[in-house]
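Order of writing sets the chain letters: A, B, C and D. Residues in each chain are counted from 1.
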Amino acid sequence: MTVPSPRRWSGQAIFMGWATLVAVGLAAPFVVYPVFLMNVLCMALFASAFNLLLGYTGLLSFGHAAFLGSAGYVAGHAAKAWGVDPLLAILAGTAVATVLGFVIGSLAIRRSGIYFAMITLGFAQMVYFLAVQLPFTGGEDGLQGIPRGRLLGLVRLENSFAMYYLVFAIFLVGFAVIHRTIHSPFGHVLRSIKDNEPRALSLGYDVDRYKLLAFVISAGLAGLAGATKALAMQFETLTDVHWHKSGEVVLMTLLGGMGTVLGPSVGAIIVVTMENYLTGFGDWVTVIIGCVFVVGVLAFRRGFVGEALNLARRFRS
Amino acid sequence: MRALFGQLLVGLINGSFYALLSLGLAIIFGLLNVVNFSHGALYMTGAFAAWMGLHYLGVPYWGALLLAPLAVGLLGVVIERTMLRRLYQLDHLYGLLLTFGLTLIIEGLFHHQFGNSGNGYPVPELLQGGSDLGFMFLPRYRAWVVVVSVAVCLASWFVIERTRLGAYLRAGTENPRLLQAFGVNVPVMLTLTYGFGVALAGFAGVMAAPIYQVSPGMGSSLIIVVFAVVVIGGMGSIFGSIVTGLGLGLVEGLTKYLYPPAASTVVFIIMALVLLVRPAGLFGRQK
Amino acid sequence: MNRILRISLVALLALAAAPSRAADPISDNVVKIGVLTDMTGFYSDLSGSGSVLAVKMAVDDFGGKVAGKPIEVVSADHQNKADIASNTARKWFDEGQVDIAVDMVNSGTAMAVMPVAAEKKRITLLSGPATTAITGEKCTPYNIHYTYNNWALANGTGREVVKAGGDSWYFITADYVFGKSLEEDTAAVVKASGGKVLGAVRHPQSSSDFSSYLLQAQASGAKVIGMANAGADTINTIKQAKEFGVTPKQTLAGLLVFISDVNSLGLDIAKGMYLTTAFYWDLDEQTRAWAKRFQNHPDNKKKAMPTMVQAGLYSAVTHYLNAVKAVGTDAADPVIAKMKATPVNDFFSRGGVIGPDGLHRHDMFLVQVKTPAESKYPWDYYKVVKKIPAAEAFPSVEAQKCPLAVKK
Amino acid sequence: MPDDLILETRDVAKEFLGFVAVAGVSLKVKRGSIHGLIGPNGAGKTTMFNLLTRFLPVTRGTILHRGEDVTRLRPAQVARRGVVRSFQISAVFPSLTTLENVRIALQRPLGTSFRFWSPASSLSVLDDRARALLGDVDLQDLADVPAGELPYGRKRALELATTLALEPEVLLLDEPTAGMGHEDVGRVAELIRRVARGRTVLMVEHNLSVVADLCDTITVLARGSVLAEGTYATVSADPAVREAYMGSAA
């Protein structure tokens, strides 16, 4: 897709960026409703994980909700039915999403481009139907009243602030993993594949293996987001495995700026806020989101962060 | 046995819709390289066009069968002219994203206007009733759906494989630049192709109106199955998409008889198997 | 990057402008009623804007004020999604100063909201949902289940149909809490009355094509096909059963049918069907008077007669406001105690009593849908076969397995 | 002497749904030579390239590299054997810098390419070699420019540098001078001559003067078959070739 030029940041700038991010995150629940913030953080992590594929590998997965939702169901079930430690529940969800990512990924990467999108969408729909039918998911009702439990048996997470800081910590870990992946030897190969797949192939890279690993990492982190979200929101429903969710994460990434580190998070803030404060408009929300999608695709392909970077570059030169 | 034949027949009816929709998708994809996500929404629009025609203007079913696809086709022309056109130079994925956004808009608007619960559309008088086949009672209208769908599919196939217009279409699929050499006005050709493919979806919508509730969500769940059908069949051949559509409808029917809980997932399981064995699809070209 | 961070910081601060939660629920100087319902979905005809209207009528009839403070009504569309319902309720309680949440048609949304409300100590008045678990094992101290439940529906219709000779059943069930529990309850009644259950098939909520389910039901050879679904799903099942020639040979039993469903099906298709209802507009002078007011209210665009969900909601909200007036506070504990202590007496419920489990026990009616010939005027749809007294219509407190009630 | 042949095809054919792109071509590329592959449009030259590098599966026939059968290998495996191709249109990684482009090629033998947990700075050990390679093609001053911003001719030079980073034994160049201005053509031709020392080059080229200048052996393809083979002088004298190129004019 569009190719944003790489930006180089000095170590100091990156440190400052992280410090600001952490400071904002730490202060946020004192000014904003924590449950809303947790939702934003989980979706931001979800979108960042998705961006690893779309923005840095050039793969459009149209079925990422499958990983978000399946991890949510597994974590929710583990916490609710087996009463395991919340961290363990989150890990279990993440693990399942990772395995699922490997299975779906190894089938889907056999085709590329549009077919890849359609195949991931198809498998996600299959996961959706499974979620409707499997006994432990609660079908149309979903899982309700998932206990947050005590972190490591100590901290009561019923308190929204405690839960928020756990979610924030998980977000930071996930975000750091993504950041490192992008800026690793592996990440460089991914970018080369995104830029020019045949050329990467002709340089001796088994691109399918790189794509698969990227897919698995992305699926696992999407699962991490989903599992965390299930505990934070205390419910898990079909909404999280529905294809609308898969589309939503594309929108977040597109709107924020694909292939930028912060873009998906900005997109997540915008989309979740929009959905939250537009609920009064009822079914117009879908129409508005659709319009945002269309405008984004037609005229705003760099996204907010992409545009900002572009402006910044123009000023500099 | 009764139940088996009954389910197979119901499967064949569903398969007719898969075939009609995947045919339209294949034609659009072939020439425009766009995966038309809004195909399902436009199918729904066709059904609503028929319903609105009947309720507000008194247009009967038979009129709707002609007018609704025309209306949807026109809508398609507008979409292609104003939006899709700007994306041909970009990655094909943008076409998918754009039509996804359009789907949300179209569905949201109908949802706002008509709610979610759907409206009934009466079976035309001529096709009411049915006959007992021994193994099941076949409503006449459903028999009509199968016959007409197959006929329309075959006619489209004939046009594409056997006529001059079809030859251009096929040539364009191979190499759009080649068309210019034939003196074909390519932009117009693209517009018309999109309009025609979408009109097929609208036609399917009118056919579906008396069977299913006419509701805003009727297309979106169907379209994903149709995508799977397309992956299984491969976009290579028009004929392939017809055969795959009908075949998978039958497979679904068979599954409903053998193990009903798997009926909604069987298409995707087949998709996984086909990807393992023939990544390009049953009728697709390896490229 | 700093620029971006600054932008996101500003965005976050902008969000902070949202009102924060009031510290004291008693003194926010307003009694706020949140109507959480399906505004556009397949239950919108039977609750939806009609439910909001019923609540507004109740508030207006009460004078718009209670204990000297204004009463406000807000509403939201839960789109039949448990997560949206739960999120909305949480936001209402945390930020919106909402004191009670009402309606919650669709059991899944009700079950999602109840624990949130209980955690925040807010009252819920459920009129739309049907699952028995609401006042059974999932009961909460702050919840009242007002209009009907599956047990009442299953007993009313199930027993009568078996008595009339329909002794073998096959179920077409909506695949979520409500449908499954309705099937379970009805199956128990059928077996208890000497009938047998041959099988069941589950369909997703709001299916459009029932042909394959009907074929399965047909293949079972059961005399009665029990429709453990509601709203548009029931309508579609009935229509397609006719299309596939199922109905003359096998009988359909509508387990949860509303007058709005009968209205959209038309008497020709619905005639002769037995169903159980908590309310029918044409019962007596009182019901007629209220129902006509409802029908002719300027907000009632479709001029539809009220369903039992909407009538029950009016009654429930009035009962709540009376309790608030009596105790002089909108704090949940004293109000709910007062509501449970006072019998209900109005056009909807004659001497109905709310038990310790939160279930409102009142009279129900078994009715049969009239034929087109029998129907004399618009909305003349039912003949009352039998009035089921409260004690017979609803399960006893002991049978409910509600932990709250057992403790007492 | 068979071991004199570094790359050989035996009766290789490729059909696309009935359309024959390559119809049984037997090609012998001698070690150390610059071998030209020419022919009119649609002769199957690029398809041959795709077959040799396994980007397309063959319909029938055998491909040998150093006498070993490589017909069934994956494309990346062929590349790792030292048979590296370029592309008809310039093939760089536009969002990476010039230096990173070359480094991607150097990076693979390092064995850390799957390490998503290592920092990118672990790659800086390759920078010196990458700069040296850029120096070979006169790009050392543009090391930190995104490759997408290079002018066309420079992109081809970068592509060559990236290819050379793999230390290829056989270079397959697909129209290396296509779309270039006169000056650039001369420079690239010179570059090819330089890098061909000690290597084998198989190139598709339209510019006949470049072919005449560089190639030891030339194979002419037409409609998927070999029309003629030999030195430029032999081939250009062949009437069949003249007809294929000039139509009936000859």
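Before moving on, here are some points about what is shown:
Basically, a contact is a pair of C-beta atoms (placed from the backbone, for glycine too) under 8 Å apart; a residue touches a chain by one contact, two chains touch by 3 or more.
Just so it is clear, the structure is predicted and the values come from calculations on it, not from any experiment.
The interface holding more C-beta pairs in contact, when B-C is weighed against A-B, is A-B. With centres defined by CA atoms alone, the chain at the far end from chain C is D. One simple way to say how far apart two chains are is to compare their mean CA positions; for chain B and chain C this gives 38 Å. Each chain gets a centre from the mean of its Cα atoms; for chain A and chain B, those two points are 32 Å apart. Rounded to whole angstrom units, the spacing between the C-alpha centres of chain A and chain C is 37. Taking each chain's centre as the average of its CA atoms, chain C and chain D sit 73 Å apart. Among the residues of chain D, none is in touch with two or more other chains. Within chain C, the positions touching two or more other chains are listed as 40. Multi-chain contact residues of chain B (touching two or more other chains): 111-112. Partner chain A is touched in their complex by these residues of chain D: 53, 55, 74-77, 79-80, 84-87, 91-97, 100, 103-105, 107-108, 110, 112-120, 122-123, 146, 148-149, 162, 166. Contacts from chain C toward chain B in the complex involve residues 40-45, 79, 201, 206, 208-209, 211-212, 215-216, 218-219, 231-232, 235-236, 239, 243-246, 264.
Remark: chain B residues 2-3, 6-7, 10, 13-14, 111-112, 115-118, 120, 123, 130, 132, 136-137, 139, 141-142, 211-213, 215, 217-218, 253, 256, 260, 263 touch chain C in the complex. Of all the residues in chain C, the ones that touch chain A in their complex are 1-5, 7-9, 11-13, 15-16, 18, 20, 39-40, 76-77, 81-84, 86-88, 90-91, 94-95, 107-108, 111-112, 115, 174-177, 204-205. Interface residues of chain A, counted against chain D in their complex, comprise 3-6, 180-181, 183-189, 191-192, 194-196, 198-207, 209-210, 213, 217.
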